[in-house]
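Just dropping this structure here.
Chain lettering (A, B, C, D, E and F) follows the sequence in which the chains are written, and residue indices restart at 1 in each chain.
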Amino acid sequence: MMALLKRDLAIATRSGGAAMLGVLFFLAVVAVIPFGIGPDLNLLSRIGPAILWIGALLASLLGLDRLFQADREDGSLDMLVMQDWFGLVATVFVKCLAHWLATGLPLVLAAPLLGLLMNMSATSTGAVMLTLVAGTPAISFIGAVGAAIAVALPRGGLLVSILILPLAIPILIFGVSASYAAVTDPDPFLPPFMILSAIALFFAALGPVAAAAALKGASD
Amino acid sequence: MMALLKRDLAIATRSGGAAMLGVLFFLAVVAVIPFGIGPDLNLLSRIGPAILWIGALLASLLGLDRLFQADREDGSLDMLVMQDWFGLVATVFVKCLAHWLATGLPLVLAAPLLGLLMNMSATSTGAVMLTLVAGTPAISFIGAVGAAIAVALPRGGLLVSILILPLAIPILIFGVSASYAAVTDPDPFLPPFMILSAIALFFAALGPVAAAAALKGASD
Amino acid sequence: MFWTGSPPFLAVRSGDRMRATATKLKGRRGDSVLFDDISFSVGRGEALVVTGPNGAGKSTLLRMLAGLLAADSGSFTLQGDDGADLPVAEFAHYLGHRNAMKRELRVSENLSFWQRFQRPEDGQGLSVDAAIEAVGLSGVAHLPFGYLSAGQQRRIALARLLVARRPLWLLDEPTAALDSRSDRLFADLVHAHLAEGGLAIAATHQPLGLDRVIPLELTGIHRAATGAGEVW
Amino acid sequence: MFWTGSPPFLAVRSGDRMRATATKLKGRRGDSVLFDDISFSVGRGEALVVTGPNGAGKSTLLRMLAGLLAADSGSFTLQGDDGADLPVAEFAHYLGHRNAMKRELRVSENLSFWQRFQRPEDGQGLSVDAAIEAVGLSGVAHLPFGYLSAGQQRRIALARLLVARRPLWLLDEPTAALDSRSDRLFADLVHAHLAEGGLAIAATHQPLGLDRVIPLELTGIHRAATGAGEVW
Amino acid sequence: MTDTTVSQGWFTGLANPTRFLALSGKLLPWLAAASAITLVVGLYMSFAAPEDYQQGITVRIMFIHVPAAWLAMMCYSVMAVAALGTLVWRHPLADVAAKSALPIGAAFTFLSLLTGSLWGRPMWGTWWVWDARLTSVFVLFLMYLGLMALHKAMDDPARAARPAAVLTLVGFINIPIIKFSVDWWNTLHQPASVMRLDGPTIHPTLLYPLLVMAISFTLIFFTLHFMAMRNEILRRRVQAMRRQAAQSIGGGAIGGGAIGGGETR
Amino acid sequence: MMSHEAFVFISYAATAAVLLGLLAFTLADGRARKRELAELEAQGIRRRSQAVQGGKS
């Protein structure tokens, strides 16, 4: 399984540059929002966490549709599916992890820079980073279900996003509210963050199983 | 060439009615935003144009990297490259057009509906539509260069995102600022819009030629 | 013998009963039955060669054996030396039409990935270099897989079978794109595999150069599915 | 003859001088020269068959002839009947290792796309249905290409050569994955093409079943590039 | 290909497509008539109902808004049950039921969104707000459309069935969210007044027309759903026959003849 | 600003339009499927079990 992680990371970093693309897209999102709300630094810093979260959610969609498609096209998917059930679930889990490491983690790391651009306080930026660490893997995990469903579709990209976005809404809600709770005083940070973590754990358990089921069914 | 357009559109639509998918994708993106930044209608209507533009950029990026890769993997690219220079440039142009028709145009057409959801004024919505009409093809055209380079480099598309997205960001910025200029009073709409159109024309001319050159060079 | 190093764990001993047995397999694609009532049994040291015209269902049969497709009815089991059922997925190698290699990774990276992915903890198999050597391509290890010629790619795909030792080989047109020298090389590989107690099931259009095989011919005449198949 | 309909525009007439001529072609991949000083000339009704071990450079040569790769030195030209140079890209069909068909489109959609894309305005060729018929697969026209078996896919790829008539065929292992019946069918297709004044250049490991061919063997012995090739 | 294998048993026997066609054929005229009658009665009652002292004439929008909203949720629940049928019993008719409910559910959801907007404009002064109730209904609408897109993307219905069923079930969490969103988050939208544990709090002059309209919409739903299911069955039958015909023309298939394989040793 | 009656009217009209549209589409779809079946039968293609289970529906 480590081997799989290493291979997927090698491919991600070698071709496509998914990590870079995600961060750049993220940057683009953050760059255009100020146009809308004007140079109101106060407002910017207020909606900063939300913007970072939305950017991260959307950036995670990039490349998600190829999660299994590339393997299907060169025949590797057959070997992956040709495992016992636990092996397959573990494989999907590891592939999600690799996807997160290649696209989600860079976003987390880029968050401080973007926080600066959005005039966010250090606490706020820290809170966003923390919630992103907990939340973005959940997006990858639930995204795997969409990717597995669309594995046989030529241009699954949009379809995967459509299927996944409604399911990702809870992640967004609790991610953002935890980030806000960290800076606004009466609200405690922990409850929404715990819920976010619970969702992440739930998706980490559910996503690979559902995706594995879809892959088993899709094999032809 | 019409045949190519038809084929590419057919492939795009096979995965579930391209136009509908585009609109749906956009709806999903827009639906997600209020969960992030909250249901403040005022704020929403202010960042509306930016959201629409970000959605358009994201939709264009999803699947853009596959513009030539799919053809390469099944061997069709050889036949496309095996034309005279003008044929190849025309082919790239048509493929970009198909990509735009399948992903960009639906967004333009859906913009009024989304404007309503984002509580945008009619002027604002109109301005966004106009800028999207001018700007989204430019993203497809310049994206083709990236896609062609990605095909060329067997192990290092990293360049692609680093090269292309920075080029796409000006489109985004001028598109968004023109949309805002249309509604905020002191700023004139025309200058940024003219710049946007100029960029679009420039990319429409440059993109296919550059992409064709990259493809010719890439063939191995 | 090129299997140097570790002792041949598969070596045939008297009393070895490892067998791959198909019973009344029925294969369907869409609404037509490709084959029905396929039964065979392959033991250690034996090879089954499936032949038949294009579209007869050879690949479909092999994918069923590999567990990638569900059989319409019938069963395929692999019994270990002690008579217990073994999971095919873990004891068989499947080599399909596609090579299961990443173009952008080096040959050695590709192979060592599969080695670590497919070799069980205590399993055996050649080292990556030895496997590349065994398919006669020493020197290409550092090249990206995509740089190889069609035949070289196929040979590297064959090398995957060597880096993780598994008793049953399921091969779908293994010699496609191979030149005549490599055909012989492939035959030697399979011979060695069989000699060490392996089992092989191969679909092919070309003679594989194996001398003692169990033939199985699919006629390519399909019939429409009836009964349970006709739902609507 | 299965080319029914339009008169055979390629039919050999006395004085026809269409020729494909290679002069001192040199092919390089990376730092090694695959072949050097390859010269040949193929006229109407003639077929050149390139053989050689895996990795010898057959595919590389064919891609050079098709104009997909630049030759290191030397030239390849196609002269029309009037002696003028014709653009190879427009007068040749190239069939590579891959089939150039979309899995998700129907067979008929794939073929009619290539027909409209590759057939010149005034060009000739079979209708899609006739071409599918010619490769013996009538009935699969409405199926998605991805549903076909490997050999059926290859045969549909061959059908592409029929829907848009071009005088020069460049074929890279055309019979890979074909069964023996289809091998003969392919030989007939090439025969018909040659009989009507076509030219063919094919790379292969298997006998193609053609009776009069010009052989060209690549040794597969590569040498390191020197001289002009060695820049560094 | 176990997904099309029909195991024997009373349940599957009852749900045999051919038998379903026969049964639903008999039932449909009655259903259609009942829907028409209740609709006419309901419409009459809604216009006979007195105007609300607060909302004036716009209260009449309620008589279609609320049933449409209920049906939007009920339709998804029907689909979720059918999805269970697909996954657990692997019965093809369950997939037919789920697939053909999609456009109907989407239509009712659309109606509830539209009439809600039309009601919101005079009542709240805005067409749309992003509150929890409205947004969750909007997400429901998106999920209907997404599932339709998924079905359309896969040309082989047998291959779309299971992924669509998985997705339907995963998306079911949205239904309780819609139902209880008004209680969980304070919103503009008013809380439940009919379907409450402690009985309806709405005045009978408004309640009865509402209930009749709800019954009518439910009957309309089942009428349309049965019709759509019949169409879907016929569509799949045509598809199967087409494929079969094509195979008997090409590929050398002969009916019931000897086929490949056999004992080899 | 529209009168309140207009909102009510548009609501009822839109509901009627959507439901009638759905009905019309379903009827047309059914008719098209029946036509296809009839065409296939005219070509002599029938369900194998037709003799047992009886005819078109």
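To be clear about the criterion, a residue touches a chain if its C-beta (ideal position, glycine included) is under 8 Å from a C-beta of that chain, and two chains touch if they have at least 3 such contacts.
It should be emphasised that the depicted structure is a prediction, and the values quoted were computed from it without experimental measurement.
Counting every residue number used by either copy at the chain C-chain D contact, over half are found in both chains.
When chain pairs are compared by their number of contacting C-beta pairs, A-B comes first.
When chain centres are set by their Cα atoms, the one at the greatest distance from chain A is D. Relative orientation of chain A with respect to chain B corresponds to a rotation of 175°, obtained by superposing CA atoms and rounded to a multiple of 5. Chain F has its Cα centroid 51 Å from the Cα centroid of chain C. Rounded to whole angstrom, the centroid-to-centroid distance between chain C and chain D, based on C-alpha atoms, equals 32 Å.
Computed from the mean C-alpha positions, the centre of chain B lies at a distance of 45 Å from the centre of chain C.
If you average the Cα atoms of chain B and of chain D, the two centres end up 37 Å apart.
Multi-chain contact residues of chain A (touching two or more other chains): 14-15, 73, 150, 153-154, 156, 159, 162, 165-166, 169, 220. Among all residues of chain F, those that touch two or more other chains are 47.
Within chain E, contacts with two or more other chains are made by residues 139, 142, 145-146, 149-150, 153, 155, 237, 242, 244, 247, 251. Of all residues in chain C, only 29-30, 52-59, 97, 147-152, 155, 173, 176-182, 205-206 touch chain D in the complex they form. Residues 126-131, 135, 138-139, 142, 145-146, 149-150, 152-153, 155 of chain E touch chain B in their complex.
In the complex of the two chains, the chain C residues touching chain A come out as 63, 66-69, 87, 89-90, 92, 94, 96-105, 109, 112-118. Residues 2-4, 6-7, 10-11, 14-15, 70, 73-76, 78-79, 81-84, 219-220 of chain B touch chain D in their complex. For chain A in complex with chain E, the residues that touch the partner chain are 145, 148-150, 152-153, 156, 159, 162-163, 165-167, 169, 206, 210, 213-214, 217-218, 220.
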